[in-house]
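So, here come the structures, one by one.
Same chain, two partners: subunit A is paired with subunit B first, then with subunit C.
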Partner chain A sequence: MATAGLTAFAPSQSGGVTVTMIRMLTLAGLLAAYQAISSSGLVFTGAMPSLWAIGSALLRQLADAGFYAHLGITAYEAGAGILIGGSVGLLCGIALGVSRLLAAVLDPWVRALAPAPKIVFLPILMVVFGIDAGPKIAMAAISAFFPVAVATFGGMRGVSPILIRVVRSFDASLLQLVRLVYLPSIVVPVLGSLRLATGVALIGALLAEVKMSNRGLGYLIIQDYNAFRTAEMYALLISVFTLALAVNAALRAFGRRYGAV
Partner chain B sequence: MTRGGSIGSIGLLVAVVAGLEALSRTGRVSAFVMPPPSEILAAIPALVLHEGLGYATWLTFNTTFAATAAALLLGVPAGTLLARRRVLGQAYEPWLEAAFAAPIILLYPLFLIFFGRSLVTVAVMGFVVAVIPVIIKTREGIIGVRPVLHNLALSLHMTPLQSLTKIVLPAALPTIFVGLRLGLIYAMINIVAVEFLVGIGGLGFVVADMYDRYDIPSMYSAVVFVIVLSSLFFLLIERGERWLRPV
Partner chain C sequence: MANDLEIRGVSKRYGDPPGGLLAISDISLNVQKGEFVSIIGPSGCGKSTLFGIIGGLVPDYDGEVRVGGQRHVGTHKDIGIVFQEESTLPWRTVLTNVALPLEIQGVSRAEREERARHYIELVGLAGFENSRPVELSGGMRQRTAIARTLAFQPKVLLMDEPFGALDEQTRLLLGDRVLAIHKELKQTTLLITHNITEAVQLSDRVVVMSYRPGRVLRILDIDLPRPRSSDSVTDERFGRYVAAIWGDLRAEASRGMKEAEALRGTGRRAG
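This part shows the complex of A and B:
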C-alpha cells in the first residue's frame, strides 16, 4: 500500500513540476507576445495598450472607491437574482419531483427553455420593470432559475423508489418525505448547479448593465469602450474575470465539501 | 403517461396564453407592457415581410454553423494534442474549465475593437465559446478510449495516423458529439447575445431593433420567435446526437 502510494506519487510529482513550468512558460510567452505586438506598432496602440498601461490602469482602478461602488451594485443585482431564481428553481424542481402530473406537464417546457438565449427577454424585462436594478435582477433570476430547477428535478428523480416506499409505509406525510428522503439526496446536484447558476446570473446582470444602465461593472466596461479608454477597459475585464473565476472556484470548493463535483 | 403529459403540456400553454390574453384585453395589464398574445402572433408575418426576419434567421444560423465548424476544425486537433501529450493536457485542462465558466461574452467590446462592428466580430464571439467545449470533450473522449483498442492498433502494426483515424477518433466520437452539441448551443446563445447587444446581424438585432423603436407587439413577436426557434433547434440537435451516436 505504502509503496504503491509512493510509486504513484513520484511520477505525478515530477509531472506536477513540468505542468507548472508549462503554465508559467505559456503565460510568459503570451504576455511577451502581447507586449511585442503592442510595441511593434503593427496594431494601433489604442487597441493593444502596453502591459504597463494596463497594469497602471488596473492599480488606479483598484484604488478608486467608485469602482467598489459599481462592484457592489453588480454584486447586489446578481446576488438578488440568484436568491430569487435559485429558490424558485429549487421549489419548482421539488414540486416536479414530488408530483408526476406536474413533471409530465411542466418538464418539457423547463427543458425546452433551459438552453434558450435568455438575453432576448431583456427588452421585455425593461418594459415590465423599468431601467433601474429591476430588469438586471430579473435577468439574473431567469438565468439562475433553469440550472437549479433542472438539477433539483434530476436529483429528485434519482431517488430510489424503495426509499420512498419505505418512508410511505411508515405513513410519513409529504413534508416528512421531502425532508427525510428528497432533501438529503438533492444536496449534491443543487450545490453543483449553484455554481453554474451563479455564473450565468452574473453574466445576465452584467449584460443587462451593458445594454442599458448607469451603474454597475457592465456599465463601466461599455463606458470605457465608448470613450475608447482601452487600457481601463482591459483592466476592468481583468477584474471582472478574476472575480467571476474566484467566485466559481469558491463555490466549487464549497460544493466539494459536500461531495459535489 | 407521456401522451397524457404532452396533452397536459399543450393544455398548460393554451391556458397560460388564454390567461395573458384575458389580462391584456380587460386592461388589467397595459397593452404597452404586454400586448394580447393574439396581437403578438399576428405581428410575426409583418416581421417576416417587412423586417427581414427570414433573412435574420438565415444569418444567425449561418453564423452559428460557421463558428461551430471553425471550432471543430481547430478544437478536435487541439483536443487530440492535449490527449496525446498528457502533460500539456494536465497543464491546460484547468484553464479550459475556467474559461468554460468565465463570462467570455463580456469580451465582445474587445473583439469589436479588433474586428469592427461587423459579422466577423459576431462569428468570432461564437467561435471562442464553441471551441472550448469541443477541445474539452475531444480530449475527454480520446483519454476514455479503452486500452484494449490501443493494443489492437499496436498488434495490427498500425501507424500512429492510422490508429488515430481508424480507431481512436471513431471510438471517441460519442464524446466529441457532446462537445459539438455544447459548441452549437453556446455559439448560438452568444451570437444572438452579441447581435442583440451591438445591434448588428440576425435574430438578436431584430429584437433590439424592435425595442429601440418601441414597437412592443413586434418586440414580443421577435422574442417569442427567437425562443421557439432556438428551443426547437436545440431539441433537434439533441435528437440528432442520439440518432448519430454509434450505440
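This part shows the complex of A and C:
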C-alpha cells in the first residue's frame, strides 16, 4: 500500500484488531487470575467473591426496577453537577482568559484549589444544602468546575494572537471576539476537560451519597458494604464503571467531530 | 484632493523609556483619497508597528493619526488591514472567512454571502468557496485574507506584505490583480513590501524607511503611466526608480546587519 509509511503509527485496520484482541486477552487473563485466587481459598471469600457470584448479582441487579431508580438519581445528581460546574467553569475560564487583571487575581486561587480533594467541602455543603440531592449536586459541581475552568483558561491563553488581531481589526466587540475566535479555538480542550469532569463529578456525587443518603448508587454500595454483600457491591461498582465509560465514549466521539483525538 | 489618511509625528516605543526599544520615530505622511502608497524598509524598522498604530491595534504611541479628518481611538470601520502573518480562521471555509467582517457588522447571511462571493471572485478564488484553509496553498490563503479585508470595505486599505511568502511569478500576477482591484474600488491603499520592483510597479508614491528606529528616509513619486501591469517593468524609467530606492535601502540594510552582528558579538540576542 502506498500510504503504508504514513499510517504506520496510526492504528490501522489490522492493528486495531490486534490491539482489541490483546485487550480482550488481558481482561480474560485478569479475570482468570481473580477467579483462581478467589477459589484457592487463600483469601477470605467475603473479600473476593467468585466471578459467578458477582455475575449473578449483576444480572439480578439489572432485572430490578429499584436499581434503575437509584441509577437515575445518581445520574441526575452527577449530570446536574456537571452542567452547573461545567458552565460556571467555562464562564470563569473565559473571563480569566479575556481579562489579564482577573487572571492575575484569581489564578493563584484556582491553582491552589484545583488539586485539593473536594471531599473537604462536603460537611459545609451538607450544612448549606441539607441532606437531599442538593449537597450531592454541589459536590459534583465543585468537582466538575475545576478541570473545566483550568482547561478553558489554558485554551484561552493558547488562542492564536494573530486571529485575535484580525477579528479586532474588523471592529468586533469583546463578545463577538469571544464568540468568533475564543470559543471555536477552545472546543477541543474544553471537551477533553469535560471527560475528566464527568469522572470527578460522578465520584463527587457518589462520595456524598456514601456519606449521607437514602438514595442513589452510592447509598446502595454502602448498604451492601454494611451488610457484607460483597458480590452485590462489586456488581454495583461494575455498573458505575460502565456508566462512566459510556459518557466518556460519547464525549470522545463528539470531540472527534472537532478534530480531537 | 482631501487627505484620507494623515500621520503626524508618530513615534512608538516598546517597553519603558530608559531601556525599551524605539521602534519608529517621528513618522509623518499624508495619503490622498484613492492613492496607492508603498512602504519599503529593512526588516524590523517598524512597518507593521506603524500599521498597527493606524489600525488602532497598538496603544500608547506619540503623535497623531487622522482618518478622513477624524482622530480615532481603537479599531475603526474605516481601516482594514491585511496582516503579514497567516490569518485565515482555520475552522471556517473561504466563504465564511471572507464573510466574517460582514457577520461582525450584522449583515444578514444571504447578503453577506453574496457580497463575499463577489470579493472571492475578485481575488480569483471562485470555485474554492467551500474549501477550508488547510486545503489551500499559502498564496490562496493570503488571497482569502485580502478578499476578507476588501469585504470589510474600509476607506483605507493597509496591506502588510501580502505576497511575502510567494514566488516571483505569482507575486507579479497577484500584483496585477491588486492593481486591477485598486482601479475598480479606488480604495486608498498602503502596501508594505520588501520587493522594490513590486513597490515601483504598484504605487503612486514609495516611502523608504530607515533601519531602527524607523524614520521616513525619502518619499519618491512614481511618475509612470497608468494603467500599469507587470509589463511596466521594462520601462527604462522603471529601472531608474528601482536603482534610486535600492541605493537608499542598501545603506540601511547593511547598517541593520552590522548592528545585529554587534549584538551577537556581545552575547546579547536581538529581537
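Definition applied: the second predicted complex is superposed on the first by the 236 of 261 C-alpha atoms of A that agree within 3 Å, B and C clash if a C-alpha of one lies under 4 Å from a C-alpha of the other, contacts with A are read in each partner's own complex, and residues count from 1 in each chain.
Quick note on the criterion: a contact is a pair of C-beta atoms (placed from the backbone, for glycine too) under 8 Å apart; a residue touches a chain by one contact, two chains touch by 3 or more.
All of these numbers come straight from a predicted model, not from anything done at the bench.
Of the two partner chains placed by superposition, A:Ile84 touches none, neither subunit B nor subunit C. When the shared chain is aligned, subunit C comes close enough to touch A:Pro184, but subunit B does not. Residue contacts after overlaying the shared chain place A:Asp171 against subunit C, while subunit B stays out of touching range. When the two complexes are overlaid on their common chain A, residue A:Cys92 makes contact with neither subunit B nor subunit C. With both complexes placed on chain A, subunit A has more residues touched by B than by the other of subunit B and subunit C.
Of the two partner chains placed around the shared chain by superposition, subunit B is the only one that A:Lys211 touches, whereas subunit C remains out of contact. In the superposition on chain A, no contact is made by A:Ala231 with either subunit B or subunit C. Touching subunit C in their complex are the following residues of subunit A: 162-163, 165-172, 176, 180-181, 184. By the touch criterion stated above, subunit C contacts subunit A in their complex at residues 55-57, 75-77, 79-81, 83, 85-87, 89, 91, 100-101, 103-104, 145, 152. Residues 15, 18-19, 22-23, 26, 46-47, 100-101, 103-109, 112-113, 115-117, 119-124, 126-128, 195, 199, 202-203, 206-207, 210-211, 218, 221-222, 225, 230, 233-234, 237, 240-241, 244-245, 248 of subunit A are the ones touching subunit B in the complex.
In the complex of the two chains, the subunit B residues touching subunit A come out as 1-2, 4-6, 8-9, 11-13, 32-34, 86-88, 90-92, 95, 98, 101-103, 105-107, 109-110, 112-114, 185, 188-189, 192-193, 196-197, 203-204, 207-208, 210-211, 216, 219-220, 222-223, 226-227, 230-231, 234-235.
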